[in-house]
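Structures given as structure tokens follow.
Both complexes below contain subunit A, partnered by subunit B and then by subunit C.
The block that comes next holds the complex of A and B.
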């Protein structure tokens, strides 16, 4: 193995194809897109040099602040929600449910993960419908004497519906991920803790939680990675509305480039997203390094 | 196996999967579209890309392909593809970038985008093309004039629809409560108050679409500030944040605040809003005359076509506009790409121009900008004839709120107006948002 990896040609042959593909599909488009940040226009009208106008606009555009705020708020709440609810479910699978029931519930909770996002969004649109007829949630509210709420027509309630929907459709994955991590905890450690007198809360606090920290960290990284790029579920459920109140940066970038025909400014927003993803990646690398030493 | 090793292996598998996916993507890209056809050469089929919401044009074209234009269809088969209207501009942009525009397509709702296609030489000059085909006289001059006004001075789109806009109202409800057709905004508000007191929705509109509400805003602006009020904004002579414009936004916001619009309006879609009127739950419905398709359909219209009246947007007392100035448009227009305008496509164009007007009117109850004989008009429902007379006698038309906006202002307008009428955004904020979009160019 050492002689193979010592041979430069072997290294080139092994690395070359992957590097070429990576360069073509990642590096070249990134630099290409970076080039667009200095122009204004689109393929139809042609491009003209705009200097740093797009960057100046980035700092004065109120929509950027709103989209960035939504993206961060969504990513934070969803990450906390996915990991916390996922962890609670995984503990439930192991410590509360019996083997057969656990498998059944795990399957049921995991099911939304494999359902297409658009189908789930349509389902939730109907559940939270308020016009022309009330959906099931409003029916319940009206029946208990409360008024009907325009869930998707108000910024704050639309955000709540997005969070509920996305948690419902993704939490099964995190529950299974954390369940697998909990299975890694040796039974003899739990057994000996029990013999030493550890009961529900103390067993969780002093044994289960510390031993599941690595998998919790991995789940958090997975979650941040996914939620910071949110696009499809919001597009399908609210289309970014009402107004622009649930528009994440990804959607604003896509609209700017392709609906508003401004490739230059769209690429500048993409650059901002790239920087955000780069910062998250840095965080991931640092966490992963610390994780390996555990 | 330790967790760390498992994780490393997992990472490797992920990398492998990513590489494989990338390779597949590259392979797919390599087998991408072939070279576009040369200037004016026929494609293999007449592909028509249209917005999925359009229920008027595709059925007529399909009927034509098996009827009056079957010979043309044999030479060049018609294929209709549809995508949501909101994605149409983006799709056209992408297709232009790939030089792969279909032979026939609808262009986005923002006329400025249509004008860009013309300026880039991607569209057929119908002044010239229809003249050569000998069918230029089959188009209503008023429709040509509207198209030129909207799309950068060129006759670059065909008037598959030709609409005016106004308020459809329920005559039976008006009679029941002794209300006359409102001539002024104040009379409209008084009528609305009566309907609301009696549990009837005064005015139904779709907030999910947004534009049916901004039409009320432009209606008020044209009546209060005059027919050139939005042209002045486009020319930079006035700003939407000026007093008169904000006052108009306030008037529309007040409609919502007074409860004269539907409950939960922000979530109400187009069909839902229309059905509220056609089922008799709402007294008034502002819409373009394309709604005649539904109004004249007894299955959809439960209140009866004889109970539906059509009136212009009312005047604003002391305003510079006039009640006779109807907003007019050609719907979401369709056109032909210049690169694929070969002999077979031209034959289709000629057949469409000669037959579309009558077939659209008779089969779909939709008024188009293609000429229709007087005998056919005489056989139409009374309301359709009434609208036709209004179109014929109109001497000055106006546009609509977003007509001269750029794409971003247009989208922000229709997406944010539900917030205006539900009190989530003030009139000043709404107009400032749009003016910022306009200033950004």
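The block that comes next holds the complex of A and C.
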């Protein structure tokens, strides 16, 4: 029987095309891109060997420091926000709302997840606009007696707008993900804890929270892996500005390669980004494994 | 570990929500207790719906009204012409066509290649399949930036840059790892004996794949297709890199360029263009929201 499921010709026919495309579009370019880190130039003007110049530049470039700083700050705050707000929403869906309302709110809060990011970013540009006319947020602030704020004109308020927008855009997803995890907690465990006298806070603290740790961890992995690669929403909302104060690594890489036509340095930044993604994932998997064995 | 999660999510989603609260008597106190819940619901509704409502109202205002009246006022006269000029200036007919031309073939290829590969990696028994699966899984983590420049060079040298082919090829290659991973997870739930039985009945393994394996994961295929549809439709990085010419713009890239060209001058049509973009997705979402939520949660590795 093993021979039928091990039919080499069939395996080649089924797997071959996918593997070929994957190799040509993903594997080869990854190594090719690694090769670019040792050159300077672009396909139009040609390349010349640059040794480790790109790496030397990577460690002395102040813009890299700023971009890396923004990426890390954004990834940390967004991950905490997505998982915390998502978890709060999922608890709300499952323990507070009735079945119909819960489904309705869940569906509603999830909707922005599937809307094209540029559309949302442009909408938020208008919501937080200050010139030539105030947007809805500034109108509200003025009406309650506070002055209007130039939200996208200063780096720290621009950062706040990015966070608010991306939370609004993505939190429905994490709420549904965590909701699905909470559904897996067996009813009888919760029921017996109730009979033993566990109420609201103690029920949450001693039963529900520990049981939802695995899914919280999974959500954290997904979140970090996504937020480290943030690109489209920031590009469309602030364009990296004011100055380059809200430029993540991804956008700095894109600018370097296409605005300044420097493929070598662009690839070096991309490599840094890739290594960060791998390290974060490895780190989280490691700590997850340790948790499970204890 | 991710495999486990994907499985859980996909299998339990339609299960009814448990009702942990014991039924209480509906006294006045009960209704007083529900007031904070009602408030929370109202707050959520306002946060979710008001920005969209505000956007729709503003899409109907004349440019003069943006100057003379606060933005939260309802439009004095409903200016539906904004939609016509958005469609015209925003090049929307072209961008929607380009998005469809890039998305549909990519989706078809991803599904055909991904399902077959998932079958070969999960049902078929051969040495080294674990390693291959792991190598493909690693692709999920690789950021688009890492493959962008070599691909650009390749497409440039193959003279593909004036077409939508670079987008389609990139979407297929970049979408395959997640698709293969998800399909392998779904195939894992099907016992191998089914395929062994069908070969005893005289079917070749390829025949068993097409007439038994593929139909059995039909639902999963639909889910995976939905996930990939949104990833491709909402992609911006590849779209502005490989198809930045105006006549090649996809919906996302087109909207970005439209806002750069006209957004500072003419708010009504810009709001209308955003409304059209959001509205198209909303129409899809109204019909398929349960499947979409379930599917995206299952494909969550992508974050």
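Odds and ends about this structure:
Keep this in mind: the second predicted complex is superposed on the first by the 262 of 294 C-alpha atoms of A that agree within 3 Å, B and C clash if a C-alpha of one lies under 4 Å from a C-alpha of the other, contacts with A are read in each partner's own complex, and residues count from 1 in each chain.
Everything that follows uses one rule, which is that a contact is a pair of C-beta atoms (placed from the backbone, for glycine too) under 8 Å apart; a residue touches a chain by one contact, two chains touch by 3 or more.
All values derive from a computational prediction rather than experimental measurement.
In the superposed model, A:21 lies in contact with both subunit B and subunit C. Legend: residue contacts after superposition of the two complexes on their common chain; A:218 is shown touching both subunit B and subunit C. Of the two partner chains, subunit C is the only one touched by A:105; subunit B is not. Judged by the touch definition given at the top, the superposed model places A:204 against neither subunit B nor subunit C. Looking at the shared chain after the overlay, A:155 reaches subunit B, while subunit C stays out of its contact range.
Once the two complexes are overlaid on the shared chain, A:10 sits against subunit C while remaining clear of subunit B. Applying the stated contact rule after C-alpha superposition, one finds that A:274 touches subunit C and leaves subunit B untouched.
Counting the residues of subunit A touched by each of subunit B and subunit C gives the higher count for C.
In the superposed pair of complexes, A:266 makes contact with subunit C only, with no contact to subunit B.
Look at A:43: by the touch rule set out above, it reaches both subunit B and subunit C.
Comparing the two interfaces of subunit A, the one with subunit B and the one with subunit C have residues 17-18, 21-22, 24-25, 43, 132, 184, 214-215, 218, 258 in common. Those residues of subunit C whose C-beta lies close enough to touch subunit A in the complex are 1-2, 5, 8-9, 12-13, 15-22, 37, 40-41, 44-45, 47-49, 51, 54-55, 58, 66-67, 70-72, 109, 113-114, 116-117, 119-121, 123-126, 132, 135-136, 139, 141-154, 156-157, 169-170, 172-174, 176-177, 180, 192, 195-196, 199, 204-206, 209, 230, 233-237, 241, 251-253, 255-256, 259, 263, 267, 270-271, 274, 277-278, 281-282, 284-285, 289-290, 292-293, 296-297, 300-303. Across the complex, subunit A meets subunit C through its residues 1-2, 4-8, 10-11, 13-15, 17-19, 21-22, 24-30, 32-33, 36, 43, 92-97, 99, 101-102, 105-119, 122-127, 132-136, 139, 168, 173, 176-177, 180-181, 183-184, 187, 190-191, 194, 214-215, 218-219, 221-229, 231-232, 235-236, 250, 253-254, 257-258, 263, 266-267, 269-271, 273-274, 277-278, 281, 285, 288. Subunit A makes touch with subunit B in their complex at residues 17-18, 21-22, 24-25, 42-45, 57, 61-62, 129-132, 148, 150-155, 184, 214-215, 218, 239-244, 255-256, 258-262, 291-292. By the touch criterion stated above, subunit B contacts subunit A in their complex at residues 3-4, 7, 15, 19, 22-23, 25-26, 86, 89-90, 93-94, 96-97, 113, 116-117, 119-120, 122, 207, 262-269, 272-273, 275-276, 406-408, 411-412, 415-416, 418-419, 422, 424-425, 433, 436, 440.
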